[in-house]
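Chain lettering (A, B and C) follows the sequence in which the chains are written, and residue indices restart at 1 in each chain.
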Amino acid sequence: MLKFGRRILLIYRKDLQDELRSTDHLLSTLVFGTMLVFVFSFALELADVGTEQIFPAVLWVSIFFMSVLALQRSFAKEREYGALDALLLASGERSVLFYAKFLFSLTVLLLLELVVVPLLWIFLDVGVGSASLWFFLAAVLAGSWGLAAVGTLLNGITVQLPGARLLFPILAFPLLIPLLMGAILCTQGALSGQVQAVLGWFYLLLVFDLLFTVLPLLLFDYILEG
Amino acid sequence: MKDALKSPFFWGFTLLMLLALSVIVYYAPVERTMGLVQKVFYFHVASAWVGLVAHTVVFAASILYLWKRSGGSDRLARASAEIGTVFISCTLLTGPLWAYPIWNTWWTWDPRLTTTLVLWFMYAAYIALHGGGASEARKRLAAVYGIICFINVPLVFFSTRWWRSIHPVVISSEGIALTPKMRVAMFVSVGVFSVLYFYLLRLRMKSLELQERVRHLKAQLLA
Amino acid sequence: MAAKNVLTVRNLRKQLGAKEILKGISFQAASGELVAVTGPNGAGKTTLLRLIAGLMPPSGGEVLWNGARLGLEHRLVGYVSHQPMLYGSLSVQENLAFFGGMYGTLSQDRLQELLELVGLWRYRLEPAAVLSRGMQQRLAIARALMGEPALLLYDEPFTSLDVDGRQILRGILEHRRPRALQLLITHELEHLAGLPFREIRLEAGRIVPGGDASA
């Protein structure tokens, strides 16, 4: 168990090192995310829509679109020089790869959100009056956790099919519906300060996260067996 | 098509369908408040039922494929997904026909509607991923996705139900809210649609098998 | 060295769709042997190696290591494929250190020893992406040796190596022979001239009768 943990951390560190060294992908994703923020807030301003009510929906749709770019990186970097086989042999267990890539995806997603979420908050001019900041952060973390888990699972699938990049969002969207609902409603509850009312949705998010964190233990052997 | 006309299955099934239609049209009474439009219910429920059965078959066949790696279980999953998509589409089309006069709206985010729509998207994604079984990898990966989807369905359903529900619950734990004659018509319709599902499934599996044989023969000729 | 390790391949089959790539392969080999797997393109050589490595499951038959079924065993298998299997943005040293960490066999001495063995010590700080294909192949060989594997699988390792590189690889094959079982796919047996080896010849997914012979 300890050995698996160490291997997971080694792969995770290697991936971060690699990602931070060739930052072009991370940067383009970030630019895409900020552009989404700008386009949404500008469009909503033109349409004269109450931005405070719509903030949770815009937030999660932006994160979803951004994650389509961000979450397709984790396995792609193993393909460039065909390193996946060597990594599998060195891991000794396919699920080690899932958890390492999951941690990496979650980190990247959170890094991007660190910039995009405050930007969106400012652009949409959302007040902080009665908001519960802690619950907001918990909702963002729980939502990103599930996104990263589903994204890693599906990236393991699409990376094996050349030219299947477009397939990724199509596969991801139907699976992410419960997560999207939970995340949006929790964010809403956090903003209005009515945490008690949406606590059930937070538990749903946790169940979703747990499911897609444990399911790969059973399925990842089949995904990466080629 | 010519072959289908000669098949006893085809004629037997045509008779069954006519029987179901006459039961729906003549035997089942016209609903007091909704009127004739309520008759769409029999098609709506039956195709939704088939959609769910087809989805379960995709799940079971996917597990079987990962376990045994037999071409047959892959074809079963693929054929069932395709037919399921057609029936789910029927459910999604007949629903609004009834909903517009009764609810005064074409669409609403009710749990059953949402789940059905998500089901449709999952089928579409599954078929896109399967890609006609162009490679063993696609078959294997589609099977994994088919399993994930099935596990995800209850999550979608309960989360949307939690959120809201205005859909009439015709069959609940307290029994069925239909007159006896309507009940008969519903069961006949569900039964006949189920037969239709298995009939189409058989045809589609056969044609997929032939396709694969052609591909195989072509490869042998070229080799 | 204690008792010899024995690899047993028994009636191994692999079916991909309607195509049967391996149609029942059986052979046995023990540590100390160098086995050359030869045969025309599409004979199933690479598939055989990947099955032995545990990278894909067989459709039938089994691969046994000292009588036990072989899965994706940690540290047992060193694998050199057609592809260099490395990370372009990491330096030569970082690439090797990463795999050393994964195998738990990392030390500064070992790193230096391996890099000097394949002639890459001078280039240790270069990113792997800027190396030539031949240099990348040398790094791939060093990576495969990193975990001290008892079973080494090489898929056409001589391609893209220059004269020096080939000489280095021959040295490694010779040097590892007493300790490990080595399987090597090649089209040119002259690369192995002077080394005691045994040939297994595959054609259309079968071992050619008499194609399992010692040279």
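The rule we apply is simple: contacts are C-beta pairs under 8 Å (C-beta built on N, C-alpha and C of every residue); 3 or more make two chains touch, one makes a residue touch a chain.
Since this is a predicted model, take the numbers as computed values, not measurements.
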Reference chain C; chain at largest CA-centroid distance: B
Chain whose averaged C-alpha position falls nearest the assembly-wide average: A
Chain B-chain C separation of Cα centroids, rounded to whole Å: 50
Between chain A and chain C, centroid-to-centroid distance (C-alpha), Å: 38
Geometric centre distance via CA averages, chain B-chain A, whole Å: 32
Contacts with 2+ other chains: residues of chain A: 225-226
Chain B, residues touching no fewer than two other chains: 136
Sites on chain C touched by chain A in the complex: 50, 53-57, 72-75, 77-79, 81-90, 94, 98-99, 101-104, 128, 136, 143, 147
Chain B residues within the chain C interface of the complex: 69, 71, 133, 135-136, 212, 215-216, 219
Complex contacts: residues of chain B adjacent to chain A: 66, 114, 118, 121-122, 124-125, 128-129, 131, 136-138, 140-141, 143-145, 147-149, 151-152, 155-156, 159-160, 162-163
Touching residues on chain C, where the partner in the complex is chain B: 15-19, 59
Interfacial residue positions of chain A with respect to chain B in the complex: 153, 157, 160-161, 164, 167, 170-171, 173-175, 177-178, 181-182, 185, 200-201, 204, 207-208, 211, 215, 219, 222-223, 225-226
